[in-house]
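Each of the next two complexes has chain A plus one more chain, namely chain B in the first and chain C in the second.
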Partner chain A sequence: MKSGRSQREKRRFIAVCTIPTVVIYILIMVVPTINVFYMSFFKMSSLSLEKKFVGFDNFKTLIGDGKFRQAFANNIFFIVSVTAITIVLALFFAALLKQSKLKEKPFYQTVFFFPNVLSLVVIATLFIQIYDPTKGILSAGVKIIGINAPMQGWLGEATSARWCVAAAMIWQAVGYYMVMYIAGMDGIPKDLYEVADLEGMSGIKQFFYITLPLMWEIVRVTLVFFIISAINMSFVFVRLMTPTGGPNGKTEVILTYMYKQAFTNSNFGYAMTVGVFVFMFSFVLALISNAVTKRDIVQY
Partner chain B sequence: MSKGKKLIFRLILMVFTLIVLLPIIWTFYTSFKTTTEFLDNPWALPKGINIENYKNALIKGNMVGYFKNSFVTTLMSLAFLLILAVPTAYVTARYKFKFSGAISLLFMAGLFVSQNYIVVPIFLMLNKFQRFLNQYVVFEHLEITNNLIVLSVVYAVCSLPFSIYLLSGFLRSIPKEYENAAKIDGCTYGQILSRIIVPMSKPALVTVIMFDFMEYWNEYIMAMTLLSEKKWTVPIGLANLMEQQKFATDWGAMFAGMVIVMLPTMIFYAFVQKKLTEGISLGGLKG
Partner chain C sequence: MRSYFKKLFALICVLAFGVMLLGGCAKVSDKEAGTDPAATSGKNTNAGAEGQKELNVAVFEGGYGREVWDTLAKKFAEKHDGVTVNITANPKIGDVIRPQIMSGNPPDVIFLSATNESGILQSLIQDKALLCLDDIFDADMKAKFVKGVFDAPTVSPYGDGKIYSAPLFYSTMGLFYNKTLFKEKGYDVPKTWDEFFELGNKAQGDGIDLFTYAAANDPAYNEIVIWPAIASAGGYEALDNCFNYVSGAWTSDAVKKVMGVYEKIAKEGLLLDGTLAMTHTQSQEQFLQNKALFIPNGNWLENEMKDTPRAEGFEFGFTGIPVFNEGDDPCVWSNIEEIYIPSKAKEADLAKEFIKFLYEDDSILLLAENAGSLPPIVGAAEKTRSVLSDCVYETYAISEKGFVPVTGGFALTEQTEVSIRDDLFNSINNVMAGELDTEGWSKLVEEDSQKLSEILLK
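After this line comes the complex of A and B, so read on.
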């Protein structure tokens, strides 16, 4: 009798705890996600929401869409350049702080991590000011070493615009990954390094033969983060720093293109086709990077 | 390690310290410059402390109003998040029932969904709902799309997967004995959660609140899509100041605006800096 009541009480408790959350989650996150896929098969223009089923037509248009292809290529550029440079810098600084055992290590860690807590809007605004042809510090800075800044500004020049946006993304991310890599290095037993020291192994060799193999799993996990955050961050940065998509569309990325299709052209169905592409692309890329970087985990 | 090597290491680290700090220091002192001073060398320090820029940003640029909106939205989002996430995380982590696996999986899958793609369907859905409501006289003045409460709910729900993931991991590590003892003492299930589990999971809750606070305070895309001018949050207000200075050349107000947006996060960072980096190291990973 008592256990029956307790059982009922437990069931009611579980229901009260889960049902409201699950319902609201389905409504606000699951349904819109399904809708991204569903809407990609329709032609929908304007907010009147008149829609016409067009099958895979939107996807066919997407393949032939030159502007989309350019945006996609730019996205690849951001993923590759930001990941490569950030990973090298973050690992380098992590190893430097770890090996040197400086007493001011916490200071560097605090400073390097700081950009990560700033709003992306602040960072974008800050870099726009830095790149400004007249009142920015970059032009004034390079003048000292005799280089003339581009007339239309660093963000207006086709060759420099993408790198300028990438630089802001790297500035934001290095500290975050450095902290993660330091944590990974903290997990490596000290005696390995003591032995290596006795054997006369150089610091650089120790990094490649001990540190990197033993924290490879963490590097792998961060690769997936890099892919996802490069896609999402480039959206905010490009939208603010080069609202028109940069000189000759040199900085347009897939998410800014999606947003324009939706809210500038009211082409909601097509925008969601782009959305489906981003979704699948980031997923597949994460899987590929996971498969390619798979190594036997080194035991210690 | 030799002294010479340490010196080289320090030099390298100082260079990057400068790269990080210089732009921020530059923003701070530039925010006190007068319009004529902007025409001088960008590196030059201002001649005096000119707070006119701050007045312009706060009042003409309405940063005061946007600040209030951001504050209210962030607090409400955190409240909604805790109410929604804590009980669900607790139940799915500690009890085995028919749907516990399915629910966990559903939230895990959400880790792969970014706000940035679902912003369009969410906007359309709220719009549809708005039009539906406006057919009725009672709801004539009810705004759904331009509503800070609705935005807060959307924020809270979008951070559920990450928050539940983090909380469940922690909750699973609490020994069963505490709950058994409380049950013998006659606690109801609700009391076990509120009196035993919540106080014990303080470290995990602090981590969740820290990350989500920054997420909500700094968010831009969703807020920009759902809100119109009077309801804007601080990041949109700043983006707007930047747009305006292109035509009005009120550069000072924009630099002041940047400082205004940065200051709360800086103060926040000063307090939780250590916990924040620990949270990341402990696998409190945000995507």
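After this line comes the complex of A and C, so read on.
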């Protein structure tokens, strides 16, 4: 009897603690998300004062929209390039800092993590200055080593614009993931490395045979982070660095396209259709990346 | 049992606290939305008292700041007993007022032109959410205005001649150049496009490029060149056809000639290097340094760049758009900036009074002096000559040099994914990069135009 009562009390306590959070979550996350789906079936302006139900018309338009396809392709580019390069760099620096016996280790950790403290807007502005066609440090820098900067500026040429935006995103992200990987590496018992050293295993081999398999779970989790953040961050960087969507639409991403449709082009229903697509896409992508990287967890 | 009540009480307290928290949020945003501390200065507290009226005015804060609006608000309040005017000014005013409009609580007066990227005016027109302003613009009032301003699609959008937004400012835009540089080097201001390119090649010998514009953030500045050039090449009818999506308008000779100008600038390498990565401010900085001869811009340029270092002796010069053949009518682009009242405005009558007040002589003088802008009223430039800077006056007096001001804008349509402005103006960057030619460009815009012609707003 007593235990039943304390059980009930416990449940009630948990409910009291969680209900406010659940209510807030439902109000500001779930309801708007359902609303996005609902609004994608309407034709309406950004003020939504007048709605007209159009069924799946917006989705049909979306399929035939060449600009949307291009934006989607650019998004894939950012997801793949930013993820691949960031993961390699972050793992490399993490392993380097972990394995080396440098005295300045904490200093480097702070320096690498620093971009994360800055707001994305600050970083984008910083890179705009770096890429400035007339007084930017990059143009001046490459001139010293005898290379000519692109004639129309780094962000103005179709060949360089996407990579320049990606570089800013990578610079921002590396430190954060590096710290996560270092934390993962901290969990690996030292004796494994000692044995490997005794057996004469090289540092690189140690990384691939000990470090990476033992922290695979963390790498998997960060992959989902990468996908979500590459989609989200690209909006801020693209919007600030190439407001028109870059040369020939080369940097336009789905979210900037959605923003343009919603607020500049006053086509809110269609923008919500794009929103539905973004939702499904990131959801599916996260599932896929989870399934693909699934392997047995190595225990120690 | 007692402990049960105790817990129930605690639960109610927690929930009440949560509700208060959320309620608190709503209250704060209400306050932020409606008023502005600078203009109300405590008067707001007795706004609910009898006879007290509050007029909420949302204005776009451009290069001139908000002071002039605060002064106007004060003057208006002095004339009307018991009226408080709250000015909300912001460079991103569209984002500020959008949620207010959506929640059915819009400002009483909005000054935000149709060319603003927020698209607020277009949305209000599409949703039929503007108040008709015909009582302000009776026959007597209309007669004072420059011909044609009431035909603009944003002013009378539904084709029935009824006015839904008031043309508050009117300005003439064209090509700016440095008078001192032209004098020093012995350049003449080109009257035809041939002379324009001749000058470009000559200047390139002196290490100066011909042209630059706000490619990275707003290539639409080129409307200053494109619209009048079409009007001068094919007559106003050609331009009108373009605006109204008449079939074949965008593949007409006049349009192709104009697009050809851009292709030629690209092919002959007359565009300032780096332009494609420059925002409007960056390109204007380069222009002030004599890196480029011409920049398409408006009369705010001088004030916007007043703190920017420039070439020695720099003096703003202003000219209209060159013509293709001698004897063609030279044209220049004139733009209107609209002020309007949402139909859900709480103080609609007072809002109308406020707009009328802005057209009074004193207000015109004040706006001319502090914002460098004039309403499209005949003779306004002469009346305010004493307070206008030379450069600004020159833009208004351009018609005296024989340039015909043309104005207009794309006819409005239902919501669509097609953005003809983007395809027209952003494509300039592609032309400059050599990735698009006149043929492809005109075809792209014509396709948009055909799609839009089917969904014109009625």
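Keep in mind that, in the parts below, the second predicted complex is superposed on the first by the 269 of 300 C-alpha atoms of A that agree within 3 Å, B and C clash if a C-alpha of one lies under 4 Å from a C-alpha of the other, contacts with A are read in each partner's own complex, and residues count from 1 in each chain.
Keep this in mind: contacts are C-beta pairs under 8 Å (C-beta built on N, C-alpha and C of every residue); 3 or more make two chains touch, one makes a residue touch a chain.
This structure is a prediction, so every number in the text was calculated from the model and none was measured.
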| item | value |
| --- | --- |
| Combined model on chain A: chain C and chain B, fit or clash | clash |
| First, second, both or neither for A:Gly245, with chain B first and chain C second | second |
| Partner contacting more residues of chain A (chain B vs chain C) | B |
| Touching partner for A:Glu157 - first (chain B), second (chain C), both, neither | second |
| Which superposed partner A:Pro20 touches (first chain B, second chain C, both, neither) | both |
| Touched partner set for A:Phe263, first chain B, second chain C, both or neither | both |
| First (chain B), second (chain C), both or neither touched by A:Pro133 | second |
| Touching partner for A:Val117 - first (chain B), second (chain C), both, neither | first |
| First, second, both or neither for A:Phe56, with chain B first and chain C second | neither |
| Single chain B stretch clashing with chain C - from 128-136, 164-172 or 254-262 | 128-136 |
| Contacts on chain A seen with chain B and repeated with chain C across the two complexes | 16, 20, 24, 47, 49, 132, 263, 268 |
| Chain A-facing residues of chain B, complex | 1, 5-6, 9-10, 12-13, 16-17, 19-24, 26-27, 30, 38-39, 41-43, 84-85, 87-88, 90-92, 95, 97, 99, 103, 106-107, 110, 112-114, 116-122, 124-125, 127-128, 153-154, 157-158, 160-161, 188-190, 193, 214, 217-218, 220-221, 225, 234-236, 238-239, 242, 251, 254-255, 258, 261-262, 265, 268-269, 273, 276-277, 280-282, 285, 287 |
| Chain A partner contacts - residues on chain C that touch it in the complex | 7, 10-11, 14-15, 18, 22, 94, 98, 101-102, 117-120, 122-124, 126-129, 215-219, 273-279, 282, 286, 414-417, 419, 422, 426, 429-430, 432-433, 435 |
| Contact footprint of chain C on chain A as seen in their complex | 12, 16, 19-20, 23-24, 27, 43-50, 61, 65, 67, 131-134, 151-158, 242-245, 247-249, 260-261, 263-270 |
| Chain B-facing residues of chain A, complex | 9-11, 13-14, 16-18, 20-22, 24-25, 28-33, 35-36, 39, 47, 49, 89, 93, 96-97, 99-102, 108-115, 117-122, 125-130, 132, 135-137, 139-141, 171, 174-176, 179-180, 182-183, 186, 221, 225, 228-229, 231-232, 235-236, 239-240, 255, 258-259, 262-263, 268, 271-272, 275, 278-279, 283 |
